Amino acid sequence: MTRCWIADGGSVREASVAEAVAASKTMNVWIDLEGGDEPTVTEMLRPLAIHPLVIDDMVTEVNRPKVDNYGDYIYVVLHSARWEEARPSIRELDIVVGRTFLITYHDAPTRSVDAAHEALVRRASLLCDGPAELLHFILDVLVDNYLPIMERLATEIDELEDLVFDPHSPPNHARIIRLKRGMSALRRIVGPQRDTVLALTRDEFKPIPANMRPYLRDIYDRIARVQDLLDSYRDEIATVLELHVSMVSNRLNEVIKRLTVIATIGLPLTVVTSYYGMNFEFPEYKSGHPHVFSLGLLALSALATMWYLKRRHWD
Amino acid sequence: MTRCWIADGGSVREASVAEAVAASKTMNVWIDLEGGDEPTVTEMLRPLAIHPLVIDDMVTEVNRPKVDNYGDYIYVVLHSARWEEARPSIRELDIVVGRTFLITYHDAPTRSVDAAHEALVRRASLLCDGPAELLHFILDVLVDNYLPIMERLATEIDELEDLVFDPHSPPNHARIIRLKRGMSALRRIVGPQRDTVLALTRDEFKPIPANMRPYLRDIYDRIARVQDLLDSYRDEIATVLELHVSMVSNRLNEVIKRLTVIATIGLPLTVVTSYYGMNFEFPEYKSGHPHVFSLGLLALSALATMWYLKRRHWD
Amino acid sequence: MTRCWIADGGSVREASVAEAVAASKTMNVWIDLEGGDEPTVTEMLRPLAIHPLVIDDMVTEVNRPKVDNYGDYIYVVLHSARWEEARPSIRELDIVVGRTFLITYHDAPTRSVDAAHEALVRRASLLCDGPAELLHFILDVLVDNYLPIMERLATEIDELEDLVFDPHSPPNHARIIRLKRGMSALRRIVGPQRDTVLALTRDEFKPIPANMRPYLRDIYDRIARVQDLLDSYRDEIATVLELHVSMVSNRLNEVIKRLTVIATIGLPLTVVTSYYGMNFEFPEYKSGHPHVFSLGLLALSALATMWYLKRRHWD
Amino acid sequence: MTRCWIADGGSVREASVAEAVAASKTMNVWIDLEGGDEPTVTEMLRPLAIHPLVIDDMVTEVNRPKVDNYGDYIYVVLHSARWEEARPSIRELDIVVGRTFLITYHDAPTRSVDAAHEALVRRASLLCDGPAELLHFILDVLVDNYLPIMERLATEIDELEDLVFDPHSPPNHARIIRLKRGMSALRRIVGPQRDTVLALTRDEFKPIPANMRPYLRDIYDRIARVQDLLDSYRDEIATVLELHVSMVSNRLNEVIKRLTVIATIGLPLTVVTSYYGMNFEFPEYKSGHPHVFSLGLLALSALATMWYLKRRHWD
Amino acid sequence: MTRCWIADGGSVREASVAEAVAASKTMNVWIDLEGGDEPTVTEMLRPLAIHPLVIDDMVTEVNRPKVDNYGDYIYVVLHSARWEEARPSIRELDIVVGRTFLITYHDAPTRSVDAAHEALVRRASLLCDGPAELLHFILDVLVDNYLPIMERLATEIDELEDLVFDPHSPPNHARIIRLKRGMSALRRIVGPQRDTVLALTRDEFKPIPANMRPYLRDIYDRIARVQDLLDSYRDEIATVLELHVSMVSNRLNEVIKRLTVIATIGLPLTVVTSYYGMNFEFPEYKSGHPHVFSLGLLALSALATMWYLKRRHWD
């Protein structure tokens, strides 16, 4: 839902987009756009003289995280992440920061922006001193939301690792690959995101006052940690996949071995019964209890074979 | 087809190569050459005083993407891509940009250049203010044409991944390798192409006015994204190939296991029949229905074996 | 346990936190905090005017090693390591260094800090000339404590490598993976830790006098060596894991081969006994000792098969 | 063969080493040395005051490509490549470039140098304006000679890839490894060679006039392309080797599977014949044609097994 | 053995450590220490005012190659290598270079230092013009001593590669791993050693005159080449290990296949003999020579099976 705020003196009040755009000449405003095609957005923001490329980039979805400096304002593309359908899913958030205005654009409800709306009601000061503090708040929530995803990933990997060693688990290739692909999409975003936040802490941008830098550096530290974790997880998931493939193969071979053991135990039985099936009279069958004799002989051969296999550790 | 355009006042008109070259002193022109050997091209472009090395590079096909600065003009080599015969195929496009002229050279019809011819008819302004805008138009279409290829690659990889887990699919090694090789050729181009566009956005080139830079940076963002995707795809196709090899091997072993299971079920049958073939009189065969007795015994052993294998999860 | 020290003239004496904070205006002090939530710590350190972000970072646990320069003081995050439950475990140590004060914060007893308390009792000079020497002492012990862990890792890897070639060892996948994961966590810390110590030796920080630099460079050399070793160990453990998987598979196949050898030796026995079971009168069985004849024949076939397999190196 | 040239006015003439060295004060000369030990070369070149290290490096063979700047002259080490005994082989070429002299040193006839001798006869201008143009000519031929090798490598890899999928090809491990090693030696040279040529195009060297730079940049482009190709080929040959190993293993398993299928078809035959060998009177054998009955029964069991295996896709 | 030299005028003479230290004020000296604990060495070198950290680093063994600049003198740590117990072994050499003194410290006899002692007897000029030339001599020998080790490594790898394809070779895992580990230790040293020598050629150090630089660059070239070779060897040994594992597995499977072939040949024999063991009268056995008939039949079935397997390339 599109919502705008105007910081009037020490308090904030909601307003329409048109009001907010008009007020941005003298007051600090936040224009939060949810959806909207290029002509509409261009028309709405005309008084702010935003470069047409920025608006074009805002309404399309396929950008990488980046920061573009247009002098009086900067254009920042970031991505929030949430856990959906057993893998991380990514959503783009476009931000334009001027001296007196903050424009956010997203296609669907985004948790970091929603949190900012809620916080603004309770704490008007977020917007009163200019948009930089509000920008920091949104970045802060956005990066914090990566952490539960990292935990989910760690849990998933742990679980998959345990399943690798569980002989009764069904094959998990598909699940591992789905996770791997989700992590790969996440890494494609987090790397440039880190560079983007680093640029915000290092370069000189007019709309970002110098005293904001330690706060942005703090956000940078956290996103760098997310990337470190992702690098580790990638190694681990690759190891899990390799082990999984090996385990499936080994488990199969293990079964084949067991069956071969049974065949080996059966072998002397066939030889013995076949032997006594030869066409001549065996003295031992003259005597009274052929069943007792032959079953005894067979049991003996089977036990001898088992003992031999046991001794050689081949069972 | 070789086509040239002269921007005369606010409108454009087609012209011969000679006319365009002559007009380039006072008007903005676009000379689009399709094919042509070195002497011919040298002769055509003599009045523009292009460095012989540039013409030599233009007419040969084996260049990497690059930008060479010759002061009054720059020489840019780029590559367009299209999907042909189930893999991406690459085509070279040579561009010379001067203050009043744009020369493009290609061996065969190229979609980005064709699009520029069409656009020029409708929008004369592309050339009227100098060749930089037309250059941007061609780059824009050229880079946009990478995106459907990326989608095709993603679809192919998804399909191959599904086939990996389909037990009835035929072996796909050759298809995976063909795709891998096409992607490898693409990566060899996209990497230097990214550097080339980056150089265009960063360095100072006389024929490119400063206000073009945000537009070129936008193109750079898209080609960087293409490279990110290619890096991911490379990892995925490698995983698919590895899994494929493992799956072929596992499927084979699975069949061997099944056959071994059958052999194991057959084993007691052989032992039992062999047993009763031994050379002495079995009391149980004296009674009336030997067939019933022995078939029952065999069925019992087979079922007992099956039950045992089932219980041990070896079937 | 929270302990504070004030360097009064040439000697040191223990003090409460409040005393130490108050004394820091005129004397060198060390404030060592163990645990404590954000409001408490903020209240305690208020007179020192530490940036709220620093205190927030201190009391949370998930930081990467880093150094932040706040002009009059610097904030350093480092991690000590110890060997716990068969793998390396990591603990955060937060340090704030001002011109006259050193603040350390940790959640649980830390060996490097404990060693500093002990040393301070014996050698007051550590604190009397400012906090830099004490900082060096703590870093020195902290980095030294990595070395026994490196040795444990080397021993573990050697042991696992030996087990790979021991045919009677149980499968060790889980142990290898646990070690791999511990090493991965260690590497995630040691890399940034190295950069942090490098920054301390290179950049100009007001609280660190220039004559401390060779000593810090010495610490840097040792941590760089730890990282070199970790990189080597990572390669080795990956090789061990791969070999282990191959060995498990090979050992299984070896057993299957042995069993197949037995089956091969049994084959002629079945053929021979089956042959003489055919329904006609064999002259050789007319003569007196059928057992001697047939057992001899069987032994002969078995020995011939064995000799053949031996000669072909198939046994 | 050692050959020297003096550019006298607009024409060139051959001369002895001593003449050429003497003439280098006033005229442009090319001294091409083939073999020769350190004292001899030192003695020959004494008037040119070449640094002893350069001469030492020239006569030994184990250098990496490099350029050393000695002010008035530069020392360049490059390597030519040719295809010998089914793999690329490398040969060192040492070049010293002064303002009026070019010294080349090689142990055996080298194609790029031979080509320069031939060209000089036809085109005296190569040497008349100083040694830089001749240097460019030699580099040009040397780098051009890499291209047929690249094509040979591509052909070899294609061939080996086809053999991987050919079920009747003999094992090719040794051939793949020989190729891999040759490529590895080539890469060890091409990387530093690229850096060397880059240095020639970038840095300021007195003996190389500025107008030579576009020509050297052109050579750089080609050698960079060679390196790109080598990187791709390395990936491909690694994939080929991996696939080859897997294919050998799979082909073996395929044969084992086929043999197991035969054993499975044989199993019911044994059971049936064994069954009817049991020690009692079967009514069905009383009737006239036991052969017809039993062969029919066997054929039936065999066909039933085959049909079952076919239906389960296990054949 | 600790030996010291004083360059007195144009000649050198041996001296005690104390004499040499005293003489270093006015003459060039070389103090070569073999072993010695920290207090002893500190006491010996007190007049030279060496930083305590340097002496501490000298007497401990676990340093990485590095160069530390202390203004009037520099501290260099290098490592010599020799071939011991079938793998490369590494030894530390500590060097302090001042304007008039060279101090070397090593725990055991070192070939490069021994060579310098010998050379000094014959060529006093090595020390007479200051310690830089002697430093170069030691570095030169030290780096030269890496080359025979590289050759040994190449020979070992070639040998192991041949063994991979030799079907009768015993398993070589342990030997490959020992070599791999030795190479890994070597790489850990050679990388920083290269950086160290590069620093000596690039940075400005007071004790090293500018005219020494080309000589040091020459040493740098050689150590860079050693590193290139090590990188190649690492790839090769990894390939060898992988192939070895695959070969062991394939050889096993080959044997299993052969045995399965034998079983397949035996199968019709069992069926045929079992067939004729069925309980009815076969007309063909009525006639005179049952042995001839049945052995002929068996031979025929065996040959038919062999011919079939041969035709399908399954033998």
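General remarks:
Each chain carries a letter (A, B, C, D and E) given by its place in the written order, and its residues are counted from 1.
To be clear about the criterion, contacts are C-beta pairs under 8 Å (C-beta built on N, C-alpha and C of every residue); 3 or more make two chains touch, one makes a residue touch a chain.
As the structure is a prediction and not an experimental result, all values here were calculated from the model.
Using the contact threshold fixed earlier, the set of chains in contact with both chain A and chain C is empty.
Separation of chain C from chain D in touch steps, taking the shortest path, is 2. We define each chain's centre as the mean of its Cα atoms; on that basis chain B and chain C are separated by 42 Å.
Centre-to-centre spacing of chain C and chain E amounts to 26 Å, using the average Cα coordinate of each chain. With touch defined as above, residues shared between interfaces to two or more other chains in chain C number as follows: 249, 253, 256, 260, 263, 270, 274, 277-282.
The chains touch one another to form a ring, and the order obtained by going from chain C toward chain E and onward is C, E, D, B, A. Partner chain A is touched in their complex by these residues of chain B: 161, 164-165, 214-215, 217-218, 221-222, 224-225, 228-229, 232, 235-236, 239, 242-243, 246, 249-250, 253-254, 256-257, 260-261, 263-264, 267-268, 270-271, 274-275, 277-282, 312-314.
Those residues of chain C that touch chain A in the complex are listed here as 51, 53, 56-57, 62-64, 66, 68, 70, 167-168, 173-174, 177, 180-181, 184-185, 188, 192, 241, 245, 248-249, 252-253, 255-256, 258-260, 262-263, 266, 269-270, 273-274, 276-282, 285, 290-291, 294, 298.
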